[in-house]
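Before anything else, here is the set of structures, which you'll find just below.
In the two complexes that follow, chain A is the common piece, with chain B as its partner first and chain C second.
Now for the complex of A and B:
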């Protein structure tokens, strides 16, 4: 266990040093990423100022949803960079995955250690800032339970998005070309989770409830934190399902990942 | 219980390749039906390798060499048959298996692309949990043998092919593996670089008793390194035995070059044909099995005065080419 952590840290430190070698390109990456996220939220804020609210949610309340998703997705994107289908796919195609199979270390650990995209730090910072604004704008009635639950929801969101990344990467064992459809779930999913779920049509909501349980990760916990009534009339424990949904997704993804590796070793590239 | 380090029995690897139809109709058919063609990359091969052997594994492109190596290293799961390396089934016990083997693939590095060589090697110390003093010892020895010092601080991406291969060889052996797999270790290298790598492989095999299996296109690798050679073609093992035995069985015509003491009108002899003549020199070709070199020399010296002689064995390259082309080993 300790040796695994030691190896992970060594692998990661290589990736960090490699990125810092190219200082200018690194800084430009940071600035570009910050700009992209800022305009995203800026547009949303402008729309909200015009209409005052989105389906009964104020600017502060939507900012809460947005801040949670951005922060969690950013942190996931940083630590699961190796599982980003956009980098993992080419790695399989170039046959560099074989190299991992030749090392006496867990494959999952090696993939996690194969990249850490530092430019995601700007997205995380943006997320935290937006979340800070949200907490300043809305008046959450804090209880010890809420204080304890907030970080748990964040971690569950990270696990959930990490699971989506792993599923996306695993599919590249079967397809030579990266599947665009996967991005609908990861990037599209995170995008739509930044809005209150009841604004979507029924079939979309059902899809993100029963197929991909995104609704329990952000929307329902938000209802709980903001003391808002549930317009969808789910059972009252629905806001507390986020760890189940998040870690359930990650567990399912890891099972699929192991299946994918077995498939890879029986077919090669 | 046998003493073999590798036991392969009736090993098979089949791949399904989807069939592609051409033309407008073909595109539609590709979309609607999935037809597969079964490719028998490895089709029932058996062999055993004893500890300390240095085996050359040769065959034309697509013969199944790399597929076999991938199964032996645990990268591929066989479709059928049995395979034990060090008493383990490679793909079932991946981590326990790979800690005992080293592998170098000529086409791609196993090192970290943007790391200086020395840092890659350091990292391997932790990955393979090599005791620090053993690591030092090995590194010092390989630095000398492979002449690594001039590029230890260079990132792998900036190395020349020959340097990269030397770095990869060092990396594959730092953890004292019992088995070393080399897939085309001399591909694309110049004569000097090839020779250095061959010397190193020999050294490792002789001094450390490391079992080595190497695939190659370059038959001079096999001639200089291997006593035993295995030939694979179309997924089947065509030959497995000593290099000399291969020569003896399949090489066609031998040549005898004779330098006569004086110029003769005609230099005919029974059992051999003159294929070239130039002044006092004549080249004869004769079949193995019909006449021996000494018999031929005896007959010649009975009729002519001979100044000097030279017997030429056919090139191993020529022999192997004939085996592939004429299917001499077809069963």
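Now for the complex of A and C:
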């Protein structure tokens, strides 16, 4: 166990040092990433001046959804960079994954340690800022239960998104080339979860409830934190399913990942 | 001219070769289109018209903006940058053609293929799911065609200019990412510019970005007619001219500085 942590830390520290080599480029990357993510929320805030609310949700309430998703996705994206289908795909394509399989260290650990995209720090920062805006605009009636549940929801969201990344990467074992359609679940899923889910058409909502349980990770917990009524009439424990959905997704993804590795045939490069 | 046409044809065919990639891209663009349409429906709520756009107009807008992503390479285009880093730029510069024109030919081929395979299909898919707005007359279709062609030229010149940063720094990705995200925000790609506060629209209009997406959308939806239409197309032309000159100047300075690594 300790040796695993030690190896992970070493792998990661190499990645960090590598990225800090070109300092100006790194800083620009950071600024660019911050700007790119900030424009999403900025657009919503500007447009809401004209529209006032979105399906009964005020800017502050949507900011809560948005901030939670952005923070969680950013943290996940940082630590699961190695599982980002965008970087993992080429690894399979060029046969670099074969090298990892030869080493006597857990393969999952090695992939986790193969990259840590520091520019994601700006997405995390932006998420936290948006969450701060939400807390300033909305008067949440805090109870001890809510205070305890908030970090749990955040961690569940991270596990959920991490699971999606792992599933996306595992599919490249068969497709070799990264499948752009994976973005529907990762980036599409996170984009979708940044808005109140009752605005979507029924089949879309059902898909993200029963096939991919995204609705329990952000929308339902938000209803609980913001004391809003449930327009979809789910059972009253629905807001508390986020850890089950989040860690369930991660566990399913890891099982799929192990299945993928057992059936992995190299590209031969 | 013949060389230009051949290059265009080749890159047109190259783009059509990647069938699965095109299909996957299509599915992604369409899904995001549905998400964005749902957001607009929710924003409209009970109102029928906002800033001159009806709800069908707004939904059509989400289709149009998703349809132009591939055609305008809106999420990133790094071809020139790659050729500088791989050293291919050395032989490309020796070709009997201006470097800008060389890439323009290839980009036009790619764009036309993308427009057919990804742009038109998205609009057809939209027409199946939603009640979308269509231009009313042949003249309006012609205007849409002109606005789209001009927007492609504005977009290409801008992308080419960004890529030239590779002549100066060994890792120009950061500059590129920043430049691209700027264009998402200010072009009317995230939301129609009419929905923004006036001061923001005025700011956008000082940049070439509205000429990339917003003009096409407004012409398509019939929001611009008569002198306004002429003015919008004229603005696009103006930006093309300006960006072209800047590209040539920067290119000249870049070539003088260029160091080919390895070979």
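FYI, the second predicted complex is superposed on the first by the 264 of 269 C-alpha atoms of A that agree within 3 Å, B and C clash if a C-alpha of one lies under 4 Å from a C-alpha of the other, contacts with A are read in each partner's own complex, and residues count from 1 in each chain.
FYI, contacts are C-beta pairs under 8 Å (C-beta built on N, C-alpha and C of every residue); 3 or more make two chains touch, one makes a residue touch a chain.
Keep in mind the model is a prediction, meaning the values are calculated, not measured.
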| item | value |
| --- | --- |
| Chain A: partner with more touched residues, chain B or chain C | C |
| Which superposed partner A:183 touches (first chain B, second chain C, both, neither) | second |
| Partner chain in contact with A:147 - chain B first, chain C second, else both or neither | neither |
| Touched partner set for A:201, first chain B, second chain C, both or neither | second |
| Touched partner set for A:16, first chain B, second chain C, both or neither | neither |
| Which superposed partner A:191 touches (first chain B, second chain C, both, neither) | second |
| Touched partner set for A:255, first chain B, second chain C, both or neither | neither |
| Partner chain(s) touched by A:5 [first = chain B, second = chain C, both, neither] | neither |
| Of all residues in chain A, those that touch chain B in their complex | 3, 6-7, 10-11, 14, 18, 21, 94-96, 98-99, 101-106, 262, 265-268 |
| Complex interface listing, chain C residues touching chain A | 20-21, 24-25, 27-28, 31-32, 34-35, 38-39, 41-45, 50-51, 169-175, 177-178, 180-182, 184-185, 190-191, 195-197, 200 |
| In the complex with chain A, residue positions of chain B that touch it | 15-16, 67, 70, 73-77, 79, 91, 94-96, 98-99, 103, 105, 108, 110, 112, 114-115, 119, 123, 126-129 |
| Complex interface listing, chain A residues touching chain C | 22, 24-33, 35-36, 39-40, 42-43, 46-47, 49-51, 53-55, 177, 179-181, 183-184, 188, 191-192, 195-196, 199-201, 204 |
